[in-house]
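Each chain gets a letter, A, B, C and D, in the order it is written, and its residues are counted from 1.
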Amino acid sequence: MAGSTTGVLFVVTTWGESHGGGVGAVVDGCPPGLQLDVAAIQRQLDRRRPGQSHLVSQRKETDVVTILSGLAPDGRTLGTPISMTVPNTDARPAAYEDLDDLYRPSHADYTYDAKYGLRARSGGGRASARETVGRVAAGAIARQVLSERFGVQIVGWVDSVADILVPHGAVDEDTVDEAAVDAHATRCPHPDSAEQMEEAILEARDDGDTVGGVVRCVARGVPVGWGEPVFDKLEADLAKAALSLPASKGFTVGSGFAGTMLRGSEHNDAFVPGPHGPVTRTNHSGGIQGGISNGMPIRIAVAFKPVATIFSEQDTVNRAGEAAVIKPRGRHDACVLPRAVPMVEAMVALVLLDHALRQAARG
Amino acid sequence: MAGSTTGVLFVVTTWGESHGGGVGAVVDGCPPGLQLDVAAIQRQLDRRRPGQSHLVSQRKETDVVTILSGLAPDGRTLGTPISMTVPNTDARPAAYEDLDDLYRPSHADYTYDAKYGLRARSGGGRASARETVGRVAAGAIARQVLSERFGVQIVGWVDSVADILVPHGAVDEDTVDEAAVDAHATRCPHPDSAEQMEEAILEARDDGDTVGGVVRCVARGVPVGWGEPVFDKLEADLAKAALSLPASKGFTVGSGFAGTMLRGSEHNDAFVPGPHGPVTRTNHSGGIQGGISNGMPIRIAVAFKPVATIFSEQDTVNRAGEAAVIKPRGRHDACVLPRAVPMVEAMVALVLLDHALRQAARG
Amino acid sequence: MAGSTTGVLFVVTTWGESHGGGVGAVVDGCPPGLQLDVAAIQRQLDRRRPGQSHLVSQRKETDVVTILSGLAPDGRTLGTPISMTVPNTDARPAAYEDLDDLYRPSHADYTYDAKYGLRARSGGGRASARETVGRVAAGAIARQVLSERFGVQIVGWVDSVADILVPHGAVDEDTVDEAAVDAHATRCPHPDSAEQMEEAILEARDDGDTVGGVVRCVARGVPVGWGEPVFDKLEADLAKAALSLPASKGFTVGSGFAGTMLRGSEHNDAFVPGPHGPVTRTNHSGGIQGGISNGMPIRIAVAFKPVATIFSEQDTVNRAGEAAVIKPRGRHDACVLPRAVPMVEAMVALVLLDHALRQAARG
Amino acid sequence: MAGSTTGVLFVVTTWGESHGGGVGAVVDGCPPGLQLDVAAIQRQLDRRRPGQSHLVSQRKETDVVTILSGLAPDGRTLGTPISMTVPNTDARPAAYEDLDDLYRPSHADYTYDAKYGLRARSGGGRASARETVGRVAAGAIARQVLSERFGVQIVGWVDSVADILVPHGAVDEDTVDEAAVDAHATRCPHPDSAEQMEEAILEARDDGDTVGGVVRCVARGVPVGWGEPVFDKLEADLAKAALSLPASKGFTVGSGFAGTMLRGSEHNDAFVPGPHGPVTRTNHSGGIQGGISNGMPIRIAVAFKPVATIFSEQDTVNRAGEAAVIKPRGRHDACVLPRAVPMVEAMVALVLLDHALRQAARG
C-alpha cells in the first residue's frame, strides 16, 4: 500500500494537496441502505476548517463537500464507493514562493524533497493539515454508521493547551457531548480551563509563536468483542490512526503513561456484574483488554506539538544545503487543538467501524 | 487481515498459544542473499524469555528456535518464507485449571470469551506474552537486514520502573548500546537507576504485587526518506507496532506529551548544514517529519502497565456473570520491563525494514 | 478490502456509477518526477468510450478526464495520489425506469439486490462498463511509467469475434502496434478478419442480438524477475485483473488450454543463449515461468461473453420473484470487443507496474 | 505483500521448499468453535501426495500433517492461527546435484536465479509442487467451514488429459461427488474416459514424456451474494487462485472461451422462479453475475500444461549463459492432473470462504 488508503473492510483513500483542484476521499465498504446525512458530514468539516473562530487561522476555506457517487437518488448508501470532493478555494501559492528554496524547520519540506526528489510548492502538499479534509469527511460517514447501527457515540475535546490542563475529573467522560465541547471556541468543555487556554493561544499569537496540547476522546457504547488479538489490537489501530494525524507526537489508551506509576493492585480493573454482562469498577484499561473492546468506554489521548510555522527568524538550510535564515509569513494557526478535535474523532470512527465490520465477519 | 500478519513488503505472521505445540513466525519478503546469523536470533529470544534472571518469571521456557525453511544449505536467505518454531516446554495447564471459570481482572479472558465464544485455557492464549516469541525472532531477522544493508542500529532500554526514572540526559542516546543495557538485569543502562528499579521490582514481588514502566528505544543510522506521508506515516506504524505489544498503554515519538508544554519557537528543530546533508540542532521531531525519516535518530518511548497477575484477592465475575473472588497462583513477572526491551526493539525493526523496502520500491 | 482498490505498491481505487456525478480513480504510489502526458490518458479513454465508431454503442459520453491532484504545476507527478474524475454527461435514468422491477438476465441486477438490499437504478451501477473509465485512466498512467522507466510496450487486439478467428500467425506478436490495431474500428489488426468481424457485429445488431470474442494482449520488454513465486504469481495477478473486467469469462497465458494437448517434449521452451541472457526458442510459457517473468514477451488472452443486453423478449423474474418477460430498450453495444482492448491493456499495465515496483523493493 | 500470504479475512500463509525441514501453512481468521476434522485434512493431503497410485510420481512423501496451534484441547478451533507442518521425508538433493548449473526448460530455475540472485537447489524451491501441501491443508480447513456453516460442497475432477476429453454432459455437475472422482486413479469420474486417460499417461511415461489436461470444479450450495463487484469479483479471485497453482495456464468460469461463440440470445441465462428465489434455466454464467454469486453452482475449469520434467535431451543454457544439453533423471509425474484435483478444490475453498466472511461483515 502506498499509504493513502487505510482500513480492511471500511476502506478510505484520501487525495489532494493544499494547491491543485481540491482534496477528497473515497470511502469503500460503507454498509448499504444507510440514509446518509450529508449535513452532518458538512458540520464536521466546518468544525475542522480554518476561519471558523477568532482562535484559528483566518484562511478562507469554505470546504463545501460534494458527493459524486455511492448514493441512491433517495440518499441511501448503495454499498459502493462514496467519492467526496472539496475544492480548494483559497490557495495562495504566491505567499509561499520565496520559501520554496528554504526548508522550514519541523516541517516536511526536507523529507519530502529527499523522498520524492520534488515536492508540491505552497503549504506542504500532503503534509498539510488540508489533507485531513478527506479524513474528516470519511470519519463523519463512519460515525453515522457507528451511531445508527451500533449505538456508538464518539466525543473528543481539548484537554490541555500548553501548560493549562483540565483538572482531573472536571470533564465527565460518561456524559460530555459535542454541545458542551463546542460551547467554547477552544473546544474545551471545562469553562475555566477554556478561558485560560484562549488566553494562552492569543498570547502566543501576539508573540508570533504557537502552542500545543492534548486532545482526549471517548467512544461510548462500543460492544464487547471488537479488535484483533495480535498486530491489529484495537488500541494499536487507534494509535496508528492518531499518530497519522499531522503534528501528533503521542498516544495513550486508558491509564497511559500515568498508569506506569501504579502498582498492579491499584491498576487492575475489578470486574463486577452489570445489567448486560460484566463491567469494570475502574477503567484504567481504557475499554480495551488484550486488544479487544470490553464494553466499557474507550478512552484515548493524543498529543499535538506546537504548530511549526512561527513568525520569527529561525536558522535553517536551503536546498543546496547552505545555512540560511527563514521568517515565514502567511495565515496560520497559533494552536491546532480546536481543529484537531474533529480530526481525532474522525480517526477513531474509522478504526472502530472497520473493526466492527471485521468482527461482524466472524459471526 | 485477521490480525496475525503485519507488514506490506516484509511480512510477518505469528502463531501459537501458551499451550499447544509451540509458537512461531513466518517471515516473508526477507531480502535474499543475507547470511543469516541464527545465533543472533537466539540471543534476542534469550533476552525475551522467562527465567533469564532473578528479576523475571521463573518459568522454565528454553525457547530454542528451529528454522524450517527459507535458507540455502550455506545459511543464506533464499528470499522465500523463513518459518521459525519454538516448542512449548513448560506449559502447565493444571496451574490454571481452577481459574478457568473466572475472568482475571485486566486480562483478556472476558474479551476473548465474548469475541470467540471460547478461549484457550491456561495462560491467556494469544494474549499471552508468549505470543511475542515469534515477533522477537522475526525482529531479529529484520535487525540483521537493517544493520547489514542500511547501517541501522536499534537500541532499547528501560527508562522507568514505577516512579523511578532515569534522570534526563543520563543515558546518551547517541551512544548507548546493548552491552550497556544488558549490564544490569533490569536492562536500565543507568546504574543508579537500575539498582533502585531492582529494589522496586523485588519489593513489589514480595508484596505479591507488580509494577510498570517505560521502555525507550532509539534507531540510529536511518537514512532520510523512509515512511509514507499520510496513513502510513513512519511514527504511525511505530505507534501501532508498540501498542500491539501486550500491556502497552502509550507511545511517544520525539518530544511526545512533554512537547505539548513547549512553544513552537522552543520546539522547532533548526536545520544546520551537516556533512551528508542537513541535520537538526535539536531532535524534538524524534527523527521523523511529516511521517518521513529525516536522518536524525528515531526516538520513541512505550509505556507498559503493571503486570495484571497479582497474588492477592480481587473482585471479579465468573463466566455466568456472578460476582466472585480470584487469587491467582503460578509463576509470573512482577515487572515485564526487562523482557519488554527486546520486544520493543523487534517491533521497531519490523516497521523500519518494511518502510526501507517500500522506499526502495520508489527508486 | 472492499474490492474497489487494487495493487500493493501502485494502488488504484475506482469509484462511480453510471448515474450520479461521475466516475473516477485515485492512483496512489505513482513514482514521482514523471512528466505526465494527460493527452495520452485521454486517448485511452477515447478508445474506451461509447460512440467512438459505428460499431459500438451510440451513447454520447465524451469522457473528458480532469486531474485534481498529484501533479506539480509543471505537470510532473509528485508521488502523491493522482485523483481523476470524468463527469457523467449522458445518463438517462428514464430509459431504465420500467426495468427497475425486473431482473435482466445475465446482468448483475439480481445479485446486487441480494447482496446489498438495494441497487443503483439505471444501467447497472458498479457492474456497468462505465466503471472501467477509472481503470483505463489509471492504466494509462501505469503505461507511461512502464514505457519510460522500464521500456515496456503493451499492445492488445481483437483476436476473435463470434466464430471469426484471426488465423494462427497472422498477427506478428513481436511487432503489432496500436496503429495497426486501431486501423480498423473492430481493433483487429488482421484486415480480412476485421472485415468479417464487422459484418458479424452488424448482423447481430440488426437481429437485436449480440456477439462475444477474445482479446489478446502482449507485453514486450518486460525484464526477467517480475512476479512473486506463490499466490501472487505474475500470471495469477494478470488472471485476476482480466476476470475482474465486466463480461470476461476466461483467461489464458502462453499456450493456455491448447497447451494441454501437447506433450512436454513439444511444450517445453528450450533455452538458447541470447544477447542479454538466455532466451527461449518457443514461448509456450507466455513469458512467465514459476510466476516470474523470464524476459520473453508476456502473452495473454481474455474471453468476453456476448453482451447481455439484447433486444428481444426473454424470460425472467421480478423483484417479487414472479415470472415475467423483459425486453430491454436503449443504446447498447452489440459487441464489446473493440472497447475491451484498452480495458485489457489497462489491467495488464496495472499488474505489471505493481510487480515492477515490488521487485524494485527487493533490490 | 510478499506473495506467500493470501486472503482478506481467511488469511493463509504457506512456507517451505522441497528441501529443508518441511512445508506448512498458517491459517488465520478461521471461525472459532469449529470441531476440526484433522483426518479430513490428512485425507486431502493423501489425495495430493506423490506415490498415491501407479499413475503418479513414486517419490515416498508420506506428508503427515501436525497441527501446532489454534485448537482447544477438545479439538475445536479457537479463532487463532492454525499452524500446520508437514516434514520433508524424501528429499534427495543428490538427485539434482548435477543439474544445479543448468536451467531446466520451462522450469523456474532461470527466473528464480534472476529474481533472487540465488535459489534453492534441488527440486525447484517454492516453485515445486511441494509448496501446495500447505495450500491443500489450508483448503481442507476452509472446506470444513464451508460445509458446516454454509452447506457448500466443492467437487473437482479431471476433465481432460492430452486430447482425451470427457464427453459433454457425461459428468453430471449437479451430483458428481468425491467417491465417483476417486473411483479411478486418474480422478476422472467418467469410466471410459478414465481408462483412456490412464493409457495416455502410461504411454507418455513409457516415452519419457509427459501430458497435460484440464481440471473442472464445481461448488454447489453457494448462496447468492458472495463476491465484490469490481476488482475482487468472485471469478477474479478464483482465476487468481487457479493461476497461482504450478503449471496452470488457463482459467474459465461458466461458458468460458466456448461462450464467445454464442450469441447473447443463446448465452443469456433466463431467470425462472425457484423454491428459494430466482434460479437460472441455463448456467453459462457459472454461478456468478457481476462478480457476485447468484445461487447457482459455481463452475470453473483450469488448464495444466504437460509436466516440464521430461526424460529426454533438451537444449538449454547454463548459469554462465552458455548453450548446453540437459537430460533430467529422478522420479516425476508424467501427468499432474490426478494430483491437481485436490489443489484446485483447495484454492476454490480458500476463495469462497474468504468471500463468505467478507459478505458476513456486510450483515
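Rule of thumb we're sticking to: a contact is a pair of C-beta atoms (placed from the backbone, for glycine too) under 8 Å apart; a residue touches a chain by one contact, two chains touch by 3 or more.
Note that the structure is predicted; figures quoted are calculated from it, not measured.
A.B. asks: Fewest touch steps from chain B to chain D?
C.D. replies: 1
A.B. asks: Looking at A-B and A-C, which pair shares more C-beta contacts?
C.D. replies: Top pair by contacting C-beta pairs is A-B.
A.B. asks: What's the chain with its C-alpha centre farthest out from chain D?
C.D. replies: A
A.B. asks: Just how far, in Å, is the C-alpha centre of chain B from the one of chain A?
C.D. replies: 26
A.B. asks: Round to the nearest whole Å and give the separation of the Cα centres of chain A and chain D.
C.D. replies: Going by mean C-alpha positions, chain A sits 46 Å from chain D.
A.B. asks: In whole angstrom, how far does the Cα centroid of chain A sit from the Cα centroid of chain C?
C.D. replies: The computed centroid separation for chain A versus chain C comes out at 39 Å.
A.B. asks: Residues touching two or more other chains, restricted to chain A: which are they?
C.D. replies: Only 1-5, 8-9, 14, 32, 79-80, 115-116, 125-126, 229, 362 qualify.
A.B. asks: In their shared complex, at which residues does chain B touch chain C?
C.D. replies: 8-9, 31-32, 79-80, 229, 357-358, 360-363
A.B. asks: Which chain C residues qualify as touching chain D in the complex?
C.D. replies: Counting only chain C, the residues touching chain D are 1-6, 8, 14, 103, 105-108, 110-112, 114-116, 124-127, 131, 160, 162-163, 204, 207, 209-214, 224-225, 227-233, 235-244, 246, 248-257, 259-273, 277-278, 280-281, 284-286, 288-295, 303-310, 312, 314-317, 321-323, 359, 362.
A.B. asks: How about chain B: which of its residues touch chain D in the complex?
C.D. replies: Within the complex, chain B touches chain D at residues 1-5, 8-11, 13-17, 19-24, 26, 28-29, 32-33, 66-73, 76, 78-83, 85, 93, 115-121, 125-126.
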